Amino acid sequence: MAEQITHDRLDWDELQAERTEVLASWPTGREVDLDEAVEYHRKMPLELNFGKRLLQAKEEGHTLAQPRAGVADLNSHRELLLFLQNEGGADLLPTTIDSYTRQNRYEEAEKGLAESVREGRSLLNGFPAVNHGVANCRSLVEALSVPVQVRHGTPDARLLAEITLAAGFTAYEGGGISYNIPYAKRVPLEKSLRDWQYVDRLVGYYEEQGITINREPFGPLTGTLVSPCISHSVAVIEAVLAAKQGVKNITLGYGQCGNITQDVAALQTLTILAEEYLQAENIDDVEITTVFHQWMGGFPADEAKAFGVISLGGITAALGKATKVIVKTTHEALGIPTKEANAQGIRATKQVLNMLQDQVYPENPNLAEEREIILQETRLILDRTLELGEGDWAKGAVRAFAAGVIDIPFAPSSQNAGRTMPARDNQGAVRFLSWGNLPFTKEIQDFHRAKLAERGQAEKRSPNFQMVIDDIYAIGQGRLIGRPR
Amino acid sequence: METKTLVLGVIGSDVHAVGNKILEISLKEAGFNVVNLGVLVSQKEFVEAAVETSADAIMVSSLYGHGEIDVRGLREALIEAGIGDILMYIGGYLVVGSQEWSEVEAKFRNLGFDRVYPPSTLPEDFIPTLKEDLGM
Amino acid sequence: MAEQITHDRLDWDELQAERTEVLASWPTGREVDLDEAVEYHRKMPLELNFGKRLLQAKEEGHTLAQPRAGVADLNSHRELLLFLQNEGGADLLPTTIDSYTRQNRYEEAEKGLAESVREGRSLLNGFPAVNHGVANCRSLVEALSVPVQVRHGTPDARLLAEITLAAGFTAYEGGGISYNIPYAKRVPLEKSLRDWQYVDRLVGYYEEQGITINREPFGPLTGTLVSPCISHSVAVIEAVLAAKQGVKNITLGYGQCGNITQDVAALQTLTILAEEYLQAENIDDVEITTVFHQWMGGFPADEAKAFGVISLGGITAALGKATKVIVKTTHEALGIPTKEANAQGIRATKQVLNMLQDQVYPENPNLAEEREIILQETRLILDRTLELGEGDWAKGAVRAFAAGVIDIPFAPSSQNAGRTMPARDNQGAVRFLSWGNLPFTKEIQDFHRAKLAERGQAEKRSPNFQMVIDDIYAIGQGRLIGRPR
Amino acid sequence: METKTLVLGVIGSDVHAVGNKILEISLKEAGFNVVNLGVLVSQKEFVEAAVETSADAIMVSSLYGHGEIDVRGLREALIEAGIGDILMYIGGYLVVGSQEWSEVEAKFRNLGFDRVYPPSTLPEDFIPTLKEDLGM
């Protein structure tokens, strides 16, 4: 199968048979009528278009705030989003999909939904959009006055895309790598890449009809000490693959690591790299924006401390001039947040975004060095990937993962080599304790070794796996670096 | 002293892998023989692994909120497989949202778990109890 | 009287008559026995010494967190402090004194205290330490396991100092300018300066006995858009005046303005300037540390937004490497905080302090320029002050205020010219719309004019008083700069 | 239309000067004749100024929490001075801490104030009412 996939644009006509099959895989698929959906989008007010809103923010140099949120029942979910819009002041809204839907287990989602309605509380960890279907989802989109995006973690998200895009959602998160490797165990990469080409081709079709649909590869991956070079490599590959299918409005993501200089450098290099590699493919009609995810790893259980983590994320996003920031809540370490806690996270974030709107992280030699490291590392990974793919990014991605040339720490997927091991350096930047098979030069390897040796010296221990464990717990325990106590 | 065997895994459609990796490492360090099934583990896999390895205990994780639905019938399946009285622990974010802990604990005890652990449980918080329960 | 005051050290023996008088002005004064007090201090555990703790933090490069807190009744106040220590994790503790005591109205304080005890809630906005007396205050100090400071706003703080220092407090906030001009209307500066020389001389006496007492001029002054050059000038003068009386451990303060570059530059220049002017007086045995005050002006009423403001303050303190940070609470815009809200403010702050412990705001040209401006402006003010004082800092201070050479915006004192008017520039840094009689060079005047013109252009209005009003409300309304809407 | 005179000040040992300055400016802009006593104003000063200027209303601010103690007897003093029915407003942080607003309002109404305003009151929030109350 690795031999079959290519990064070329899928033929729309040829795709129709597959579309029919996908739409038939669950009853609500019947509700999708693409021509009618395009008409529906055409009539939507422009300010509800996600991609357009992002471009406006990018132009104005503002950072927008977007929460995560989803509950099982339609009415409760609508209320939840309205609350986040009105009480939270969210600039952009999400609809987070439940984990059964993400694994295409619509029957289990149906049961969970029914039980949720019966018990009057959500037993699902998100909104089962497929089960709700097009008409219900439209009632949602229509109730809101800001743009709304589908956020999930679905290796095969074809049906979900058909239904939610037909329902008027104007943004769709995910990608063939970023929604497989951190979110699945045994899904072949060829399969998820191909399934996401379907999604991207569908988005491309909407674009051909003049409807902007924003696409966003999932930046943070496993959310836990993911070095920028890893997530940037995945982001660029997914951007190129999406663009090849006709996607024109892409938001690239990065999850906060905690060292401000590294985080700002990561935000700055994300656009540089994406434009560079798109250019190399002769693609120059894609609009790139960025999203910064507030710390995605383990949170402190104390709400006041969580506010500190959230605010630091908001501040970094503002100083790094991310186009949008995904907001965490003070309930992160407690469970799915209440709507009140969710709105509070947005308000704390917006306060700092607004206060820092006219400020930027100052250019300085450390920042430049950090950018240089990220650029070099990512280029090494990407160039080797393209080499492995013999000029084809899809083939390259499959082979790069097989070879451990891309290797996401802590990922559950069997497709992932799992040989890299990250740890923080003495300033809290995420480095590699083991780089496995990442195609790093001797110089870069030495850089990581030196950085961790410096920390080891400060802590009077040699860099080892205990450091990694300590770092995983650190923020939850009120620190950034897992120093021995 | 004979080594005890633990079957470890994250149940259902749950992919939270980090805690699972740390548990594996800590339990191995504590001297257990650990059979780690990883994430996305079905009830069937838990039962089969426990039977095959003659495990002394099953350690179920559920982080993503669907634990309540996912574990229903697991104890019954173990009984059916003839290892109905195997020690069984569960830990993580067991329900959606944060509910009164005593109720959550009672709920999962009723579902057949011998011990139930809240989020943010550290390895050192339960390993001594586990050893005790296994008569180590 | 301006002719009488000098900056020379008060003669200890000559001071005894005045001390007797001061101690006789309220019954609890009788409890003060200086020899016994020195003995008491000698026996105190070293980790309770405020100044020593600060020096340790400075050496380690950590920023400590200290709340404000005070209620009328002794037991409630003790409980409050224990709560902030144990639940808040405060590194340093305060005892905030009520406003009657600050105006030496001990009788009204007595009534307020009695009524507070009767009603079971504090009717005073702080702890009336004079009324409680030495023995009671000692029971407080002894209950704690971190150092504790007296924080107030008292033009004539002689009796308060006698009692609290005898009671084992090891740090005392205030100064002849900073506790007069923002805190009084008609107290002559000569009088407050002289009364604070008494306090400093008393501290100097303790130092002579080997007891370190930390002194902290009140940095933020009116807390509202106070430009660094103003507060730095006051801080340096009070440091020199204190050192002249034998004070050896001084913490200089600055209130967050909100532009991170300006705030970090302010923190960095504070020590430079203090050491420079102390050196010029041949004083080289004074330890200088710094304190950063989280935003001292109007706060947002929403608690989540307040957390954002608090965290931004904590982050700036950490990146600017302040020795300590004074923490605000989410109740700031609601009234005196509950102990829970106070502890939350500390925990949010400590989370970001810990996370950023090993990071520093990067050196860069804008920061250098900002430092340069602050240094130049402050030196112009200070040099003119010394000139006016004919080499005497005390005389200079009196004459500088009379001439508007030092002029604190929004200060209630009749001793203050009140001719300066601050406003934010287009990046939110605090500049001067009117500099009144501040001895600025043409170059510096042009700098301020240009900065505000730039903002005016961006806002399509010419810089005027409406900008100032908008800026005063801005943070409370969720922004930094009061842009027209 | 005849200009109305307001006596403005921050009562007691209270030095919060910023709001007072803004009130002065806004009230002047709104066309009032403003006699601003500034901060640290005693009851006596309020009464005297009101008598001397034949004021139409007294605007008391209290920010620092002691308002409750500071204003007791002010209405009585005005009565004694022969201007007992003068319009009197108060605004700011009237008590220590944050208490149920309806109770605070009732408390200060009992203390003789015609209108009582909570913190964060903007000039535009009360100036229209003030004009109405003064028949403007």
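All chains are identified by letter, namely A, B, C and D, in their written order; residue positions are counted from 1 within each chain.
To be clear about the criterion, a contact is a pair of C-beta atoms (placed from the backbone, for glycine too) under 8 Å apart; a residue touches a chain by one contact, two chains touch by 3 or more.
Keep in mind that what you see is a predicted model, and the values were worked out from it rather than measured.
Graph distance from chain B to chain C, where chains that touch are one step apart, equals 2. Graph distance from chain A to chain D, where chains that touch are one step apart, equals 2. Mean C-alpha positions place chain A and chain C at a centre distance of 45 Å. The centroid of the Cα atoms in chain B and the matching centroid in chain D are 66 Å apart. In whole angstrom, the spacing between the mean C-alpha positions of chain C and chain D is 30. Touching two or more other chains at once is no residue of chain B.
The set of chain C residues touching two or more other chains is empty. Taken chain by chain, the contacts run in an open path, each chain touching the next and the two ends left apart.
Interfaces, counted as pairs of touching chains, are A-B, A-C, C-D. If you check the complex, the residues on chain B that touch chain A are 12-15, 17-18, 21-22, 25, 38-40, 64-66, 68-69, 93, 95-99, 119-120, 122. Across the complex, chain A meets chain B through its residues 98-100, 102-103, 105, 108, 111-112, 115, 121-125, 153, 182-186, 222, 224, 297-298, 301, 331, 333-338, 410-412, 465, 469, 472-473, 476.
On the chain A side of its complex with chain C, the touching residues are 258-261, 300, 302-312, 314-315, 319, 343-352, 354-359, 361-367, 426-428, 475, 478-481.
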